[in-house]
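What follows is a group of structures, each given as structure tokens.
In the two assemblies presented below, subunit A is common to both, partnered first by subunit B and then by subunit C.
Our next item is the complex of A and B:
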């Protein structure tokens, strides 16, 4: 069975997941503060997280093609479908851009012209951190990613029927993939600075873009494992063996360690240099978000490191899917920690500022109110509901794309190699 | 010269496919294979011989754990008990600063420990000279060897005919 059918039952289930998400977002919107900070930060969190997963899937695919990899061919349709989620991703992000221009949200400190005018640091950064760059950057960068995703998808499907002795279609795929890689490297960094790092507008870190991309990468691998296990349980892709899964498990393991390496490098350099402008980022997180901060390391390093270290654990479906779920939630949690403290801080300042016009006393009160904040200090039920909604949307889109082509690309010149792919132990 | 005190009957094959087929039929006939020698790594050989998984990586994990503990506790002792110095205004017991060295010692202990274990298990040490059954097994011949030290004449003959029937171009016996 290589032709995926998207059953009515699956559609109902995924649509009800989206329903849960929508309900959570509506509830968040109406129980929120005056700026709807919780609603917008949840939206930003999930939109960037899933768009990033789509981007890294495209990156993985093109990197493998460029590296003359053969084993991934049986899995590539899943990644192609993931990469196409960039299209709804751009739609999701445009809502943020509309919100930015309409002044509906206060996620970004630098978007507030009044604040920037009074702040020499933000004034210095204004040539990059401004609404124009943010929206043009998003459209150009994600637009370019979409172009490559569509191009590779179209060529990959053309490869099924247009086979010739010169592998002319495959050669085109190879060229497009190689062209994408440097573009992906620079553009993802620039756009992560805009989307996420600029939330803490005064702060910057040169490790940040790599660090966030590593998070996306591990999440993409975790989602791939979950999707493959699900498809196999339905009887599809029987040709995908333990050996393929073992390799994806290795990628999840290796990039969990890579993520930790970047996390620690960023932390230790800032800790060691002890420059106030830089340490404020970690000070805030260690003082007010200790559960998130240490939980992040346990979920994303300790758990996958010790569970996936043994060779045969990367072949046991139960263990692998269990770890994939931990790591997926872990990186969602990591993004939560990247976004929420900065957003909360900005919102508190804006709220205190507007309150100050009415009452000077409220200003002082607003500044020192740093206790438990629902939806910020820890992810609450509404955050989990929103995540479920976005996950439903992601899978709904991915499954609808999977129906458009055979799950197995028999036209790929490396198809046979992939079928016979084996890694030790046999 | 190292002595195994073994009497070995071995067949030389011209092709790795022949060797693999011979190994399969030897295992089907419940003949106990002493060893297999090939000039290059042959795919599926471990599987065909039914070799069990190496436990070297478990030893590696233990060595790594010892290295991590040693590195971390040693630095803890040095910087809190033996010679406390303040570096850059940090506390004496500065865990983040210890992590890179702990990591390096983990890797060092695991790597050196595994190399030493591997060499010990294989009986390799400086100056060791291993008896070679036939020089051509380092060139173009694939060798399947049976231990016939305690075998009677009938058994040896049976093995000899098994080797030549399975396609060995040459069958020899040698004491090593």
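Our next item is the complex of A and C:
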């Protein structure tokens, strides 16, 4: 079975997931503070997380094509479908931009002209951190990614239909893939600074963009494992063997360690140098978000490291899917930790300013920062509900894309290599 | 490994080789008198080694006052050279370990020489911190051990000490890895030789008989060492980057340093592998084993890693402005437009801009172009370390301490001298060991030899069913 059918049952299930998400978001919106901080930060969290997964899927695909990898061919339709999620991703992000211009949210400190005028550091950054660049950056960068995703998809399908004896289509695919890589390298950094690093608008770290990308990368691998296992359980892709799963498992394992390496490098260097402007980021998280902070390491390093260390664990579906779920939630948790403390801090300051008794409120804000805040200190049910909604949207879109082409790409020159791919015996 | 090979892949062994021919081609250079080219190269290398020994003697006898280091600029060419050499020492283990894990077949053509290069580069790198201590004879003080010098322990908080451990571990594992690969090849040499030479290779090959059990253990050991080496490749240059990044010096203290140093190290390592392989394949007539495919693949790695360091350079530059921290901003202003602007320009031109030529397939496959490019990259990566070290130190927090640094002849002699040390060791290596892993290259013959894949393939297996099309069939 190489042609995926998106059944009514699946549609109903995914639509109800989206319903749960919508309900959670509505509930969040109406139980929120005056700025709807929880609602908007949840939205930003999931929109950037899933758009990033789509981006890293495209990145993985192009990197493998450029490296002349053969084994991944049987998996490539899944990544193509993931990459196309960049289109709804851009729509989701446009809502944030509308919110930015309409003043509907206070996610970014730098978006507030009054604050910037009184803050020399933000004033210094104003030529980068402003609504114009944020919007243009998002549209140009994600637009470019979409262009490549569509182009590669189109060529990949063209390769399928025409008997391409001298590999002319594949050579085009190689060129487009290689060109995407440097564009991805430069543009992802710039846009991650805008979307995420600028939340803690005074703070900076040169590692940040690579760190966030590594987090997306592992999430993309985890989602791939989940999707493959599901498709196989339905009887599709029987040709995808334990050997392919093992390799994706290895990628999830290796990049979990790579993520930890980047985490450690960033944390250790900031801790060691002990410069106040930099330590403030981790100090805030250690003091007020300890569960998130340590949980991040347990979910994203300890769990995958020890579970996936053994070779045969990467070949067992149950274990692999279980780990993929942990790691997927773990990186979602990581993004939560990247986003929420900064947003919360900004919101408290804005609320304090707008309060009638500024002094009292500021005092109260200071007090609040150290106490439990639902939806910030830890992800609550509404956050999980929102995540379920976005996950439903993601899979709804991905499945609808999967129906558009055969699940296996027999036209790929590496198709036979992928079919006969063996990891062991060595 | 699967024997099914995509028809789009190019062969990696040319000339319709048999197993016996492979043995002959690769082993014979070690069995006959060296050619003129080798002798000339060796004379040059050993002369440079003499320069090294002289400069070293001069430094030790007169002290490092003979260098132009001063109170502001405490690290100059010495540490630049150290980082440069350590960086070069990354490609070998990357090729042998990470590419083994990725099952890249083209590694077999270059892994042996690259691993040897790694070890020699690390040996050269190790010289500089030792000499820089001034009193070389007290170098053993860097090891933590209970001693009679009172409560005098090394500083475990210092990344410089972590470096001692990182580099010595790296050297040990790289050496083991290299030697493991050499054991079956030494046995091959032994079986082909007589007399004293046979005794020597017999000793070095540990009684290898080529039994199935031997191969099985050898494979397991290779895989374990690859698993160990992979984090080591990352750790070594990460810790070298910590030497700078843990400080509070603007221009040094930046969180991207660890991965960016690793990318730069792989970049320079591959450039040095290219420099060596282009010459080696020509002199030892190994063009059929180190093919244009190999050269092209390595050029792609150079393009990739060169662009990665490009992203890192621009990230640093941008974030220095973005930080709003005036000292950070000034450090980078000074780096680009200060008294050492020429080294920044050299770094950018050689490391980021020049590799972009490799987007063109014709250049990637041009041996001459590759050779010059590899030299450019080597120069560029040396500049990078000089930029990081000297330009940063030359502009202290206190303008009254501002200074300029230029090397003395002793420092130049030490650097040029380590090139002599490096090439002397490498040239000796080409005489005593097969520069290509004989056993490993044989393992890919049936899936990458040009009689099996590519346009001239003569052997066809049709046992894999339809869709398995050899390029030779149409």
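We adopt the following convention: the second predicted complex is superposed on the first by the 410 of 426 C-alpha atoms of A that agree within 3 Å, B and C clash if a C-alpha of one lies under 4 Å from a C-alpha of the other, contacts with A are read in each partner's own complex, and residues count from 1 in each chain.
Just so it is clear, contacts are C-beta pairs under 8 Å (C-beta built on N, C-alpha and C of every residue); 3 or more make two chains touch, one makes a residue touch a chain.
Source: prediction; values computed, not measured.
Colleague: Is A:293 contacted by the first partner subunit B, the second partner subunit C, both or neither?
Modeller: In the superposition, A:293 contacts neither subunit B nor subunit C.
Colleague: Just to be sure I read the superposition right, which of the two partners does A:176 touch: subunit B = first, subunit C = second, or both, or neither?
Modeller: After superposing on A, A:176 lies clear of both subunit B and subunit C.
Colleague: Quick one: classify A:167 as touching subunit B (first), subunit C (second), both or neither.
Modeller: Once the two structures are laid over each other on A, A:167 reaches subunit C alone.
Colleague: Touch check for A:230: first (subunit B), second (subunit C), both, or neither?
Modeller: Neither partner.
Colleague: With the two complexes superposed on chain A, say which partner A:125 touches: subunit B (first), subunit C (second), both, or neither.
Modeller: second
Colleague: Go through the superposed model and pick first if A:309 touches only subunit B, second if only subunit C, both, or neither.
Modeller: Once the two structures are laid over each other on A, A:309 reaches subunit B alone.
Colleague: More residues of subunit A are touched by which partner: subunit B or subunit C?
Modeller: Touched residues of subunit A are more numerous for C.
Colleague: After lining up the shared chain so the two structures overlap, which partner does A:272 touch, if you call subunit B first and subunit C second: first, second, both or neither?
Modeller: A:272 sits against subunit B and subunit C alike.
Colleague: What residues on subunit A does subunit C touch that subunit B touches too?
Modeller: Residues 268, 272, 274, 426, which sit in both footprints.
Colleague: Tell me, which parts of subunit A touch subunit B in their complex?
Modeller: Going through subunit A, the ones touching subunit B are 264, 267-268, 271-272, 274, 309, 311, 424-426.
Colleague: In the complex, go through subunit B and note every residue touching subunit A.
Modeller: Interface residues on the subunit B side: 44, 46-47, 53, 57, 61, 88-90, 96-97, 99-100.
Colleague: Quick check: in the complex, which residue numbers of subunit A touch subunit C?
Modeller: 66, 68, 70, 120-121, 124-125, 128, 165, 167, 170, 178, 181-182, 185-186, 189, 193, 202, 204-210, 257, 261-262, 265-266, 268-270, 272-275, 277, 410, 413-417, 419-422, 426
Colleague: Inside the complex, what are the residues of subunit C that reach subunit A?
Modeller: 1-9, 219, 223, 231, 234, 238, 242, 245-248, 253-259, 300, 304, 307-308, 311-312, 314-316, 319, 322-325, 359, 464, 467-468, 474
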